[in-house]
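Note that chain A is present in both complexes that follow, paired respectively with chain B and with chain C.
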Partner chain A sequence: MSTILECKNLSKAYGGKTALSHVSLSLNGGHIIGLLGPNGSGKTTLIKLINGLLTPSEGSLLVGGHPVGVESKRITSYLPDQSYLNANLKIKEIISYFDDFYNDFDKARAYDMLEKLSIHPEAKLKTMSKGTKEKVQLILVMSRRAKLYILDEPIAGVDPAARDYILNTILSNYEEDATILISTHLISDIENILDEVIFIKDGQIVLNSSVDKIREENGKSVDSLFREVFKC
Partner chain B sequence: MAWNLNSDRPIFMQLIEIIQISIISGKYAPGSKLPSVRDLASEAAVNPNTMQKALAELERSGLVFSQRTSGRFITEDVAMIEDLKSTLAKEKMKQFLESMRQLGFQKEETLALMSKFLKGDHS
Partner chain C sequence: MLGKLLKYEFKDLGKLFLPLNAIVLAIAVLWAATLAIGIDGSHLGFISTSLMILYVFGIMALFIITAVYLAIRFYKTMYGSQGYLTHTLPAVSSSILNSKVIAALAWLFLALLICLISILILMLGISGFPDASDFNAFQTAFGKAFGTSAFGAACLIIAVMISFCFDMSMMVFASLSIGQLFSSNRIPAAIGAGVVCYVIQQAISSAGFFILGLDMLNDLESDAGITLAATSDFNRYILLASAGVMFLFGVVYYVICFIITKKKLNLE
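Up next, the complex of A and B:
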């Protein structure tokens, strides 16, 4: 199985504060991985490093064998934790924008998902509820045929029923050999669709294991283990 | 509707049990074709790799077989399905007897209570 993401001794400090400290990590193709940690543990910092929005203070990072840059971004589909879309645009305008911008964007797939969720392509983004906006953004991200999907808190703002739909959208739309890295603290909602989990605490990886292995070894869910490891 | 899974046991084991019960109950008839890994994973709301692992295990036990190009099928060996049925039934009874033992019932008492219950006396 090919390695899609390789971090070696990766660190990031903001001024004097260390956000990520000597993280080494290797992710294989075809897996869904949960990046789990409490607020301020370094999840988003790691994600921003992978996407080239931050530069590492130390260490190296390869995505699909490429250093972070045009080649790595070509194969990475990223859902940020905050929206960057122009809210005055209609959904169909945003779709044609994505279609122009990304070679691997599948327009038909995007329209298909919009229809299933009864989201009207003529509607403007700003007229939509928070949950619907999140769905639109996820649709855009999952409509690319990428090698690495990075979803930063994809289900935080939506109700439980929509959460199920979104998880199902993720499951039924990712390319079989692609890797999905999902950052969240809503673990119990997402646990069943993960292969592996990474626990991150104070900028360091404290656990990297498979969901079934955690359950077998601890006799408890990843959610319960998380509550134990990160007990306040 | 996602499959009903516990949170404290390995997921692939629970998937195996649910598929076994679907085979025993006839939801998946002997010799019939199973849905694809992806469809099953989507139905159960689990990771496709986990479903794959469960199906590989069922295949290893002979309950399911795969045909190179056309997918996975339920065994046509009805005796094997019957065997599985009685194995699972025995396990259920063991669990039941263990719960009764914890409540302080000896086997004979449990049996007497059970036959009384089955005759419709629920008092």
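Up next, the complex of A and C:
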């Protein structure tokens, strides 16, 4: 299995505060990986570095063998933890935008998912509820045939029914040889779909293991281990 | 990729700017029409006065809205929430920045052009279409004022307009880019950066023009009094120097924006 993401000695400091400290990590293709940690642990900082939204203070980062840049962005589909689309646009205009810029965008898949959710492509994003906006963003991200999907808190702030929809959408739409990196602190909701987990605490990786190994070696679920590791 | 980025820049900005420019032009045409049919003193005089006030406010609004909206949109799409999409597009930083700069230049230039065209329309409304001899006389006088042909003088003025648009838009973009380097109070930091850029530019260009002015005064003194040729040369040099200085500062601001976008992006 080829390496899709490789970080070496990656650090990021904001002012005097270190958000990420000497992280070294290697992720293989074809896995669903949970990036787990409490709020402020450095999950979003790591994700932003992978997507080129922040510049590292130290270390190197390769996505699909490419340094962060045009080539890495071509193969990475990113869902931020906030609304990032122009709310004045119609859904069909946003779909055209994605279709124009991403060669791997599957327009038919996007329209199909919208139809299943009864979201009208003529509707403007600003007229939609927060939950529907999040679903639209997820549809756009999962309609790409990317090699690496990075989903930052995709199920935070939505009701349990919407969580099920989001997880189903992720599972039924990603490319089988692709890797999904999901950041969350809601472990129990996503534990069943994960192949591997990365625990991150105070900007450092404290565990990088397969879910099966955790269950075998510790005799407990990922959720239980998380509560133990991050006990306040 | 630059073509695609430009397409969406023009499309988004055009939604506000096209109607805005069209409204100002329409007001100028209507006002010129009321002037042309000579309605002063009649019941239509009130309409003409109202149109004059509307035109003045329209021109002011055109420049203020264009400048403010360009700054807001640059900030939102580069360093605000929409920056998450902008900077994860498979496009090089220079293409992203160039699309913003070219679009801003084009819309600012259009606003200036609409202002000039509306003034010409109003002049036509007041004095009607000039006959061929008047027009030729105007052309000659216009060219002579800058010691060149009418076409050369027009090119010179257009160069000044483009340099002004480039300088102003890049100063604002550079200030916003400097502001995003701060972890908090980014807008006040951007305003502060803008003030510093403006003061530095004014100090350097004033010093430059002072030296250039002294040099030209020496030239004038060596002539037998102030001749038309000498003042024409002075006008031409001043315009050329202004265009050059503004363009150079625009380039400096562009480099600042480029370095920050490429090396110091900080979407916390």
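Note that in this section the second predicted complex is superposed on the first by the 232 of 232 C-alpha atoms of A that agree within 3 Å, B and C clash if a C-alpha of one lies under 4 Å from a C-alpha of the other, contacts with A are read in each partner's own complex, and residues count from 1 in each chain.
As a convention for this text, a contact is a pair of C-beta atoms (placed from the backbone, for glycine too) under 8 Å apart; a residue touches a chain by one contact, two chains touch by 3 or more.
Keep in mind that this is a model prediction, so the values were computed, not measured.
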- Message: Quick one: is A:13 in contact with chain B, with chain C, with both, or with neither? Answer first, second, both or neither.
- Response: neither
- Message: Quick check on the superposed pair: does A:31 touch chain B, chain C, both, or neither? Answer first, second, both or neither.
- Response: first
- Message: According to the stated criteria, A:48 is in contact with first (chain B), second (chain C), both, or neither; which is it?
- Response: second
- Query: Which partner does A:117 contact after superposing on A: first (chain B), second (chain C), both, neither?
  - Reply: neither
- Task: With the two complexes superposed on chain A, say which partner A:229 touches: chain B (first), chain C (second), both, or neither.
- Result: neither
- Determine, under the contact definition given at the top, whether A:85 touches first (chain B), second (chain C), both, or neither. second
- Query: Once the two structures are fitted together, what part of chain A is touched by chain B and by chain C alike?
  - Reply: none
- Item | Footprint of chain A on chain C - complex, ascending | 1, 4, 7-8, 12, 81-85, 87-92, 183, 263-268
- Contacting residues of chain A [partner chain C, same complex]: 14-15, 48, 51-55, 69-71, 73-74, 76, 78, 80, 82-86, 97, 100-102
- Task: Provide the residue numbers of chain B that touch chain A in the complex, in ascending order.
- Result: 2, 5, 7-13, 38, 41-42, 44-50, 53
- Over in the complex, which chain A residues touch chain B? Could you list them? 30-32, 164, 167-168, 171-172, 176, 188, 191-195, 211-212, 215-216, 219-221, 223-224
